[in-house]
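In what follows, chain A forms one complex with chain B and a second complex with chain C.
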Partner chain A sequence: MGESLREKILNGIGLGLLLLCFVISLGRIMWDRGGNTQEHGESVTIRFAHWQLEGGVREAFDEIAAAYMKLHPEVEVVQIPVPERIFQNWLITQLVGGTAPDIIQMGMGLSEDRQARFFVPSTEVADLPNPWNRGTELEGVPLRETFIDGMESCFNNSLLEYYGVPLSSYTVRMYYNLDLLHEITGSEELPATYGELVELSKKVLAYAAKSGQKVFPIAGSKYNSPTIMSRLFKSQTAGISRRVYYGALAEPTNFSAIAESAANGGWTLDDPEVLAGLKLMRDLGQYMQPGFLQLGRDDASFYFVQGKALMIATGSWDATSITSQADFRLGIGLIPVPAPGSEQGPYSEGIASDASIGTGVIMGLTRDCEHPEVALDFLLFMASQPMNQLWTDVSKWAPSVVGVVPDPQAKPFQPFFDGYLGGFDLNLGQTDTMRIISNATNRLVGPTGSVEGFLEAIRPDFLPAVEHDLVRVERNLRVSAQRSDTTLGALAWMALQDPGSVRLKEKVDLLSQTVVAGNLNHARTQRANNSVRKSLK
Partner chain B sequence: MALPITRKKALNEWKLYFFVIPSFLLIAIFAYYPTLSAIYHSFFRWGGGDTKEFIGLENFSNALGDKVFWGGFVTISILVVANLFKMIPSITAAVLIHRLKSDRWQYWYRVFVVLPMIVPGLVTLFVWKFFFNPNMGVLNAFLENSGLKGLLVAADRLFGWGGVFLEGVPTAWLGEPVLIIPALILWGFPWIGAVGVLIFLAGLQSIGTEVYEAAELDGVTPFQKFFHIELPLIMTQVRLMVVLMMIGTLQGFGLQFLLLGQDGGPGGAGMVPGLWMFNRAFFAGEFGYACALGLMLFVFILLLTLINNKYIRVDK
Partner chain C sequence: MIPAAAFAKEAALGNSAWEKAATFQVKEAYGEFKQNKEMGPLEKKFGIAVTLLNLQPRTQGNLEESARLFGELAGEVPKGEPLNAFARFFRARLMEFYFDPPDTEAARQEYLALVKEGTGNLVVELSASQLVVLEGFSEKSLEERLAGLAELEGLAADLKTPSGQREFHTAMGYALLSNGGDKAKALDHFLAADKIGFPRKTSASALWLTAGTVAAEIGRTGDAKYFFEKMIEVYPHDPRIHMVKQRLESLKNG
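For the complex of A and B:
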């Protein structure tokens, strides 16, 4: 049966609408994928992403963005808060897919090669004054010197470049429920050493047994516990780190140096320092609530703010959330480590320093950014003294810029630069080694755990995991070095074409240093890898 | 059976092909392109960026010796077997609803079964995570208050389970390697899945009333009715659910990731192939290797599905 005219028109309209929707959808996707910044007429959109979902931070970012947009009505600044749990996956997908925002918080999930490949170094601007500091005491001061750590946290030892700018300084501290502390001990004195912490924990357990209340000394979780356990372990391994530390560019906990030394017998899992560190971790685990290894960060915070634990070890980033939820007075203290020569930690050198922590919330410019000059301007705006003051006032987080007065709440979190640097952590900060250690931690701190049981669990897999990590790091360094080689070649050719250009010459010099350092690091990692491989045979 | 159309008619109705294009394009982009890309990248050492190095079959040979990957298959096999048994409550629920005499109550029970589907899966997972909380969770509270904890402690001592159940110490269901698989099996109790119930119910409703009438005349018991009439006649649906369950269990890792983290929890006891693939891609940055793992997993699922289709036959 033939179609009537009416049916033909209706079908035509249907088909037309379908095609229109399809084309619009396709166009929209292509438009969005076209760049991370969208221009709508005269306006430019700058997007920045971070994982700091703690109380006050998003508000602080919003206020800074609003202040910038007030000065630049043609710019729209969009904040993208990404939950910490998925940040790493999100970041990799965005970077690889070419849809990354203009500015991203650096650190989590950002390997060296990804940093080199996807982020713009801030080395050039580090030596120039921040224009947004005009009219302040920092006017004319090179950007690098406007930060309390001289931008050390932004410097990549292997790539010899600065990446991003820091907005805050964060430290890890022990939080105390002062009301409960007073109720249990009759005093509000915080423990200064690990020995005192143990004594206090025993008092809490005795109090819980006597009163019948379910109170634990320390609120633990798989997120919080490593912060304090790692600090204790590192307090014992500083000597080993110094022994195996070599090379002017290597930091005391350089992965390849520690790994190579492990392969060559420079240190072993049975060294007294390692055993002492593990024993400290085991002992401390007994003062956390049972089953803490299966709990997350929120669970531990919940325990603490509910008054079910006297202490919690966490960073300054949790201060605002905890303060707003706790209906008791808070005490903040340094993480206690064993006193030098003490029975619990014979290899301890003294109070742990925050020097290795430095500044944080480092925001970096991505290479895919369509309007780098606008994004950089906003980045510098965020890092200026007035905006950093606004940051600390609203977020209550410690500032990163010189001369900024920290909010009273942020004062106990100001970095403590005296004291001693710790050694290496047993997980060596690498993916597979961390997995091996994390999977066996229950054998160390569980109700029936022991140092021997833990070592028995990790011994067969430890060096193979280190080798696997070394292979990955070495490969990434090689790719990174190859990329720099290409860029260096191009720059050198350009410099030859334009011999009078001082800027090009400077760039070639700087990149040459980067390439040399990268190749050195690569060679060192390769050597470490060979050593580990040989020892495994 | 659809009749073949003539060439003339096919050409005459050319406009209709426009309606197929969007679906075809979407399937090509979102289903076939990623699959083909994964096959291609499995032959490369690839970190997810534009730099990759052809390494032939190295990723596959590494995967063959990857004890975490193969260890994951042991875990997943246990879960597949457990999930087979976990289908029983859904079948039972479907039969009970089907046998209700009142249409109105049948309707309401169907609504009750379907209602939880509106709760996002992630929320359900979080609720279960809280159930397993050692100090505040419902599971430990139930065991303590019902006195079952004492029995478990005694059994632990008797059978030497390694002190996972201790008097006065809350049980860490997700913190002890030997308890992780039981916890993953326990998840979802009482295991009445809405989709399963609806599919079984559809199968049951297609059974003619004359079959029931004849059975009643023969004086069959309710159990005989189930084993000799209902179960054989819904075997098509059961087989479909078995295939879907196997594919879902083998591919899935969301449950393990959310409850235990990317490393599969203590001892890596909850590590499954899908989670390991995810771990390699997004935590180790070994995307090429993850593609190879994904392909091996695909082959494994394909083989199981073929075996299922070939050997698990439904006699009507």
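For the complex of A and C:
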């Protein structure tokens, strides 16, 4: 009997504790969901998520958040770093489940309808001055004009709105192991041209042979190598682009124009410019470690930071990670291309320009955020000139805001525009053509490879692959143009009902421009496709 | 802290069926048009027809239903009213761009009739640039295409909205160049389009650089300088600026 009473009391205590925990948890959830608000004079929590787990970035975000919380003690800013490989799934779950953070990095896993449904455009805010730029040279300047690319990277051509604000800019550079460079050459001067790069690479090979050390000139991988090889190839084809396409100055890589002229004999795989570009690719491949085409991005970085390669070509996003892992001094320079009229690249026009300004780390506001004004304020704070300065100082990533002085480590990544864009890449930037080029690259850069062997391998498949790509691109352009029709119809109706709306008028105007450009592009691609198809018959 | 009136306004987007239709929320918009009992019958019909264009999965049945509804609207709403023109424009679009095989001739006739009606509505005036695209990239012989484009030259006079004119001139300029047509005429079209102005950098810069190149090629140095200088002035940070400056320099040096 006593035993049974004790059991009942213990069960009662257990049940009571369980209920207490439940009530505390419920209270905590309710507090977090709504009770913990500014309206009650209590604190507000703003959460922001991103996938930039590279060294320095989280620290930069932390410092910016801390600076904001110091000014606004009532606001708690929480950073949510999410690994890139799960970001897309995580994002969709959060958005659909209604649990998304207030601010999310945009660009991965966002279809247009998701963007429209879950994110708030920044179009109107873009026209207002950023209040956090007060006291700087950007005081009173519309937000849009405070970014080096005028917020072009944030504009969605289909939705006709700006979304988010950019925090950084990206470029690709050649990284050098300065200690090793000094040891090999007795100098720390970086090569300025492809010719100098070749000379340096030869010295590295001679040093490796003499010292018995396993050192290669360039750390390559299937991720890094195409970047540098593409730039070399393109340095030779600008003349072809100009010859075959009236709009080459605006867009030297226009796919349909280059594809159509390939079908009509405007250029061939045997043109001297193409052969020169391929020879450059082959020669460069000889200076990378054997089997590089099978290696991934991390393998190449590991090779470089281990001191087994003097150089690696990669983006500014890898700078902090490489710096933190390498126990040697780093040098960073432009990717060298052949000097005009040089023996290696006779068709080169000069130093390669960075293809675009390419701002990134675009942070956008979600529609479900509980404290939109606070979230917007924090977003603008992050995008202010002083905070972008803090961003570059801590992350060592290049800034996105006008007038911000890049950290000395980020300075080499400032976009370089006093150069040439070059012409088209042999893969024409398209999936199927890329695949056949990639599959045959070993015939070009492998130990027994040659330009002739490579051409022999790709020749039968080149135009059929271009045709496949044209079919796909044409289909995509058609779908994109068709999607615009519903928007156009809706805007036309709304503008009719609200003739005084300047915003609607602007949107119809913008969409008209997009529709006509899209239809022209589609028509050109369709014609190119017909030309390629005829040439294959 | 910005009181964020603008933010509140933007956050409110996407609430009505029309706003949803304008932002790719087609399924939701279609459902709301179908179920809405307060909307006028013509508005409702137009909403359903417009969303059926992109309701997924896109079926032949949906497209035929859309064409039928546009056809009904074209019959029910008197000519001269915007909704009549909208319905005919999108029906022509269906014939040209959605149905397989397309009925380009019927679409062409409808577009031409719409331009000639002089509606003064920008969306409807896009019919003129559609005609240029249909003609300039048709499968006719080169001579026929150029002759067809020449016949369309007069349409500019029927267009009343600046943006409609800009898009027509832009399309004509590119269509002429794509067909190896008269470069001087293409340049004139580009000048006319530029005079109206572009709301976005992508189209503006592409046109200025192409027009500058063409002008330099045919010896219209003043026009070439004008386009290159404008590019340098408006987009000084563009990655193509170095090359543009070089072109300009060589023009100045004769």
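In the analysis below, the second predicted complex is superposed on the first by the 342 of 537 C-alpha atoms of A that agree within 3 Å, B and C clash if a C-alpha of one lies under 4 Å from a C-alpha of the other, contacts with A are read in each partner's own complex, and residues count from 1 in each chain.
The rule we apply is simple: contacts are C-beta pairs under 8 Å (C-beta built on N, C-alpha and C of every residue); 3 or more make two chains touch, one makes a residue touch a chain.
Bear in mind the structure is a predicted one, so any value in this text is a computation, not a measurement.
Once chain A of one complex is fitted onto chain A of the other, the partner contacts of A:V515 are limited to chain C, with no touch recorded for chain B.
By the touch criterion defined above, A:D377 reaches chain C but does not reach chain B. In the superposition on chain A, no contact is made by A:S4 with either chain B or chain C. In the superposition on chain A, A:S187 makes contact with neither chain B nor chain C. Touched residues of chain A were counted for both chain B and chain C, and C has more of them. Once the two complexes are overlaid on the shared chain, A:R117 sits against chain B and chain C alike.
Once the two complexes are overlaid on the shared chain, A:R524 sits against chain C while remaining clear of chain B.
Residue contacts after overlaying the shared chain place A:L295 against chain B, while chain C stays out of touching range. On chain A, the surface touched by chain B in one complex and the surface touched by chain C in the other have residues 113, 117, 483 in common. Residue ranges on chain B touching chain A, taken from their complex, read 15, 18-19, 21-22, 45, 47-49, 51, 132-135, 162-163, 166, 169-177, 260-261, 263-268, 279, 282-286. Contact residues on chain A toward chain B in their complex (touch as defined above): 11, 15, 18-19, 22, 88-89, 92, 95-96, 111, 113-114, 117-118, 214, 222, 289-295, 299, 303, 308, 431-432, 435, 438-443, 446-448, 457, 472, 475-476, 479, 483. Put simply, chain C touches chain A in their complex at residues 1-4, 6-11, 13-14, 18-19, 21-26, 29, 43, 46-47, 49-51, 53-54, 82-83, 86, 90, 93, 97-98, 121-123, 126, 129-130, 133, 136-137, 139, 163-164, 166-167, 170-171, 174-175, 177-178, 198-203, 205-206, 209-210, 212-214, 237-244, 247.
Those residues of chain A whose C-beta lies close enough to touch chain C in the complex are 112-113, 116-117, 120-125, 128, 131, 148-150, 152, 155, 157-159, 246-251, 353-357, 365, 367, 372-374, 376-377, 380, 415, 417-421, 478, 481-483, 485-494, 496, 506-510, 512-517, 519-520, 523-524, 526-527, 530.
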